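Next, two complexes with subunit A in common: one pairs it with subunit B, the other with subunit C.
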Partner chain A sequence: MNRTLGGRLRLALFLGGVGLHRLAAYRLDFLLGSGAFLVRVGLQTVTVGVVFSHVPAVAGWSYHQVLFLLGCALLPRGLDHLFTDQLWELSRKLIQRGEFYRYLIRPVNPLFALLSERFFHPDGIGELLVGLVLVLWSGAELGLDPTALQWALAPLLVVAGALIHFSVKLFFASLSFWTVTSMPALQTVTQVSEFAGYPLDLYHASLRTLLTWVLPFAFTSYAPAVYLLHDDTGLLRWLPAVTGLSLLAALALWRRGLSRYEMTGS
Partner chain B sequence: MIVAEGLTKDFRIAERRPGLLGSLSTLLTREYRTVHAVDGISFALRAGSKTAYIGANGAGKSTTIKMLTGIMTPTSGRCLVNGVEPYRHRRENARAIGVVFGQRSQLWWDLSVPDSFRILRRIYAIPDAVYERNLALYRELLDIDALGTTPVRQLSLGQRMRAEIAASLLHDPKVVFWDEPTIGLDMVLKEAVRELVNRANAELGTTVLLTSHDLSDIAAICDDALVVDGGRVVHEGTLTELLGRADRRSVVFDHRGGPGPLDAARGVEAGLPGATATVTPEGRIRVDYPAASLTSRQVLGFLLDRFELTDCYAPEPDLETVLRQIYRGGVPAARNGGGA
Partner chain C sequence: MRRPDLRPGGYLPFATSGLQSLLQYRSTFLITGITAAAGAAVTVFLWRAVYADGSGPGPGGFTPASITTYLVVAQVLAVVHTNRVDDEVAAEVYRGDIAVTLVRPLSYPLVRFAACLPVIGANAVLVGVPLLVLFAALVPLTAPRPVDVLLFLPSAALSVLIAFCVNLLTGMAGFVTTNTWGVRMAKQGVVAFFAGQMVPLALLPGPLHALAMVLPFRAMADGPLTLLLGRYEGTAGAAAVLGHQLAWGAGLVLLCAALWRAAVSRLEVLGG
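Then we have the complex of A and B:
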């Protein structure tokens, strides 16, 4: 049936279409969401601009380099957002209200069934577009001339970063199998991830370690940015291992959660 | 088709002490209590059977169904549906079953019913012929088109239940698990739902496992009954056998001449110790007697002897009476009916 990869892709596209269809029902919500997002990124850019109107460089980073980093942070975040927003619902109410069962009675992988309910979340498209504009514009301002290898690796870095975002989100959303809701935890982690949009060199060593080795958001933005800006591969070498391990840990917790799932109520 | 072997589900429940101080103290020291929701039950239901799963509140019906549908994993023991352990092979199991939990929607909340059906058609890869046939049936019996393009979240309970029922049968499942499928439905729709599942059973051999608070659903759909009490099976057999286990029988009669209805009733009670006689609103006399101390022969013999009967019938014991008796512990746990 839907076992083949092609079949699954077709189903994904179909369900994505359904997601867009549903969007029409929440047009106002969509407009508010994208409006708020643009204001937020706009404010971030302005804040960075204000800081740099007083100093020429911060921790060795110029204005356009910081914007480049910000763009690098937005791309994987947007890609992840596009496909995995339903994890917020998992952490918020799906377990608590006993609704999660519906993903377990369909002949579709439960994680896929869960995520597919919010495929192609419009906020993700906004983040991807703004991220792309920031990276291209500040890259041009900096006169960046990437090597062939850098061009080739760039999309992979975005995908790996999105997988890290996804893993962390899945891990903390899966905690709700034990704690019923885990939204506060997920919110906290998301706030921590915002730090990765700025140069790690600004922070105390403890925060740097946290962002690199515990909640590895540094690999979604800082590591790719220093590689593309300075050809610095010190941190980047760890990217495959970090992505793989994050994914494995998150999937393991998700599976354990599934097997202990208790559907509340009758 | 459906087999349970020593199926057990325990829940660990944190004990809470009452009051604010109690709540705070449970933050520091937690004590757990284990609840045996399902306690090692075993049964086997054959393919094509229509079984009512009966038990008082808290008997573990829903928990069992959640294990049979693959939603929850048993603490110990196992179950097989269509030869597959559901919680181990969820996807394979899901292809073969249809599920309704009356209290919980499985539809896409923000989508209309036709859109939900279109998704299900894709997910289950339902052949065109099957999809069209079933849709035609739902139009005829459930008036499904009347639900229009309203998102599911805006439907009334009755409207939503129609869609849930249809969704559970859309892919011609081999087994359907219906947990309270008729809540919110009026008499006409209840009839339609019963006909729908009976047709699927007759034409496709669909196996049915049903729980319902509405005993008329059970009577209209099921041939078999599985009764669970206190976490164990107390009856596994036909519904007729179950009814035969009632410990009281009744006879209703009309007579000509002789004493008036009230006196006649008093006469019956005097002549048949243990029996109670009441006058029905239609002026007939109803005699209820314990099957243990009086035989039908004794009772009918007495009535024929005493009265000039013009009409007489023995109503079947009703399910409610039998169940009340079982829940009270009045019927011994026997596997093969007996009693009748």
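Then we have the complex of A and C:
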């Protein structure tokens, strides 16, 4: 029954429910997790506010446009956070402590088994909430009137952004199959992803290239934002290819890692 | 409980063993460096864009060079403040290993302090200095006056003490919750903001500025930077910055000591 899509979905819902039950037992922990992210993204929003209390525009972007972009960046980040946070555990300790084998002996796909342990991870809720508020509020302030096509594409752009975040995380977490732990590398790329919270036009050309074609975080925020704000599709048309290639690269590395995995005995 | 031994000699082994375990993971320094450089680059790009068109001093009396110096040195100080005390204390409390350390005739907070000193030194030399050199090569920075550098050094030392206390208190959250990770994330964000790492505190609007002045975190970056960039008025101005740091340093040390005693007296560790 676990082989069909419906079966998978049922299993995911069930396992997510188990996770939520665990949260109900530790309510303070739940509040701390999502609260911590709420504090961080809240302060990032305040930083943008302070910047624009001194100047009317930065690199051609107005206050509400930057907030809109920040909201666009937070939505895919939060969505990814909600489902794939267990990858941090993979990079941190699952290989190092020899605990990874338990995902291999379950009758489902190992990647699904791994991720299912933290489905509906609440830490992402803070990001999703702030992102949604920012996009809706600043969109209204800008008098944005999306076309039917833009309305239809917007959710897909969030999903594609989340898939890019997921791919980068999976790629760097899978390195731990070779290096035992890859948490520092994952921390570094996460820090790099913070660049995506501000307009790409702020940065030096080399950094822009890095964020577009090497670690493609530009496609999680900047490309959707300029499309929704200015109907600029220059970067957006690369989005399907970039998302697909990122996923393929990450999954390929994950598979190679899986096939060479040997349990560290202890 | 016995009175712990406070002679420094007893704590020396912890400092040297801390250094040894640190040098086993040398790649950590590279990763810390890249992460810190990326973190500084975000704020530097953002704020340089704000000061891009002005020829004279812009908001808050900053020039492009001086605001860059402020943000880069704030990041360097943040690197020096990453002393791992918060994660290690939290982890020892969470796992119950704390019981073993309490058996020793030494003060646990002082053991932690001794163990984090080499971490601070290594971070300063192996990450902080290269970071400063890197940014100095890429963007124009302000060269401080010698007297300001002399004032900055003791101020930076005090900021290290305050950072230790803040991290110790964060780690002690492990006594009340198992999600110390969330507490640490929140602390990191709050400290980064109210120390001045994201926005120079002089640029904050009224109420936020007042809040930043009340909180102890400005002693961690904004205080030393006020001295380094000569943004104070006369001897009294410099003394006020150092006095604020001293007062918070002493206050936080007392708070740590009091909370530590209270926490240990109600601690229960299950056997296993």
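For this structure, a couple of remarks:
Simple rule for what comes next: the second predicted complex is superposed on the first by the 263 of 266 C-alpha atoms of A that agree within 3 Å, B and C clash if a C-alpha of one lies under 4 Å from a C-alpha of the other, contacts with A are read in each partner's own complex, and residues count from 1 in each chain.
Just so we're on the same page, contacts are C-beta pairs under 8 Å (C-beta built on N, C-alpha and C of every residue); 3 or more make two chains touch, one makes a residue touch a chain.
Computed from a predicted model, the values in this text were never measured in an experiment.
In the superposed pair of complexes, A:G244 makes contact with neither subunit B nor subunit C.
In the superposition on chain A, no contact is made by A:G17 with either subunit B or subunit C. In the superposition on chain A, contact of A:G33 is made with subunit C only, not with subunit B. Using the contact criterion defined above for the overlaid structures, shared-chain residue A:Q187 touches subunit C, although it does not reach subunit B. In the superposition on chain A, A:A59 contacts subunit C only, with no contact to subunit B. Touch criterion not met for A:G234: it reaches neither subunit B nor subunit C. By the touch criterion stated above, A:P155 is placed in contact with neither subunit B nor subunit C. Comparing the two interfaces of subunit A, the one with subunit B and the one with subunit C have residues 26 in common.
Listed in rising order, the residues of subunit A touching subunit B in the complex are 1-2, 11, 14-15, 18, 21-22, 25-26, 98-99, 101-102, 104-110, 117, 259-263, 265-266.
Note for the complex: subunit B touches subunit A at residues 11, 62, 66, 69-73, 87, 90-92, 94-95, 97, 99, 101, 103-106, 108, 110-111, 115, 119, 122-125, 151, 179-180. Across the complex, subunit A meets subunit C through its residues 26, 28-29, 32-33, 35-37, 39-40, 43-44, 46-47, 50-51, 53-55, 58-59, 123, 184-185, 187-188, 191-192, 194-195, 197-198, 202-204, 207. Every residue of subunit C that touches subunit A in the complex is listed here, in rising order: 27-28, 31, 34-35, 38-39, 41-42, 45-47, 49-50, 58-60, 176-179, 181-183, 185-186, 188-190, 192-193, 198-199, 203-205, 208.
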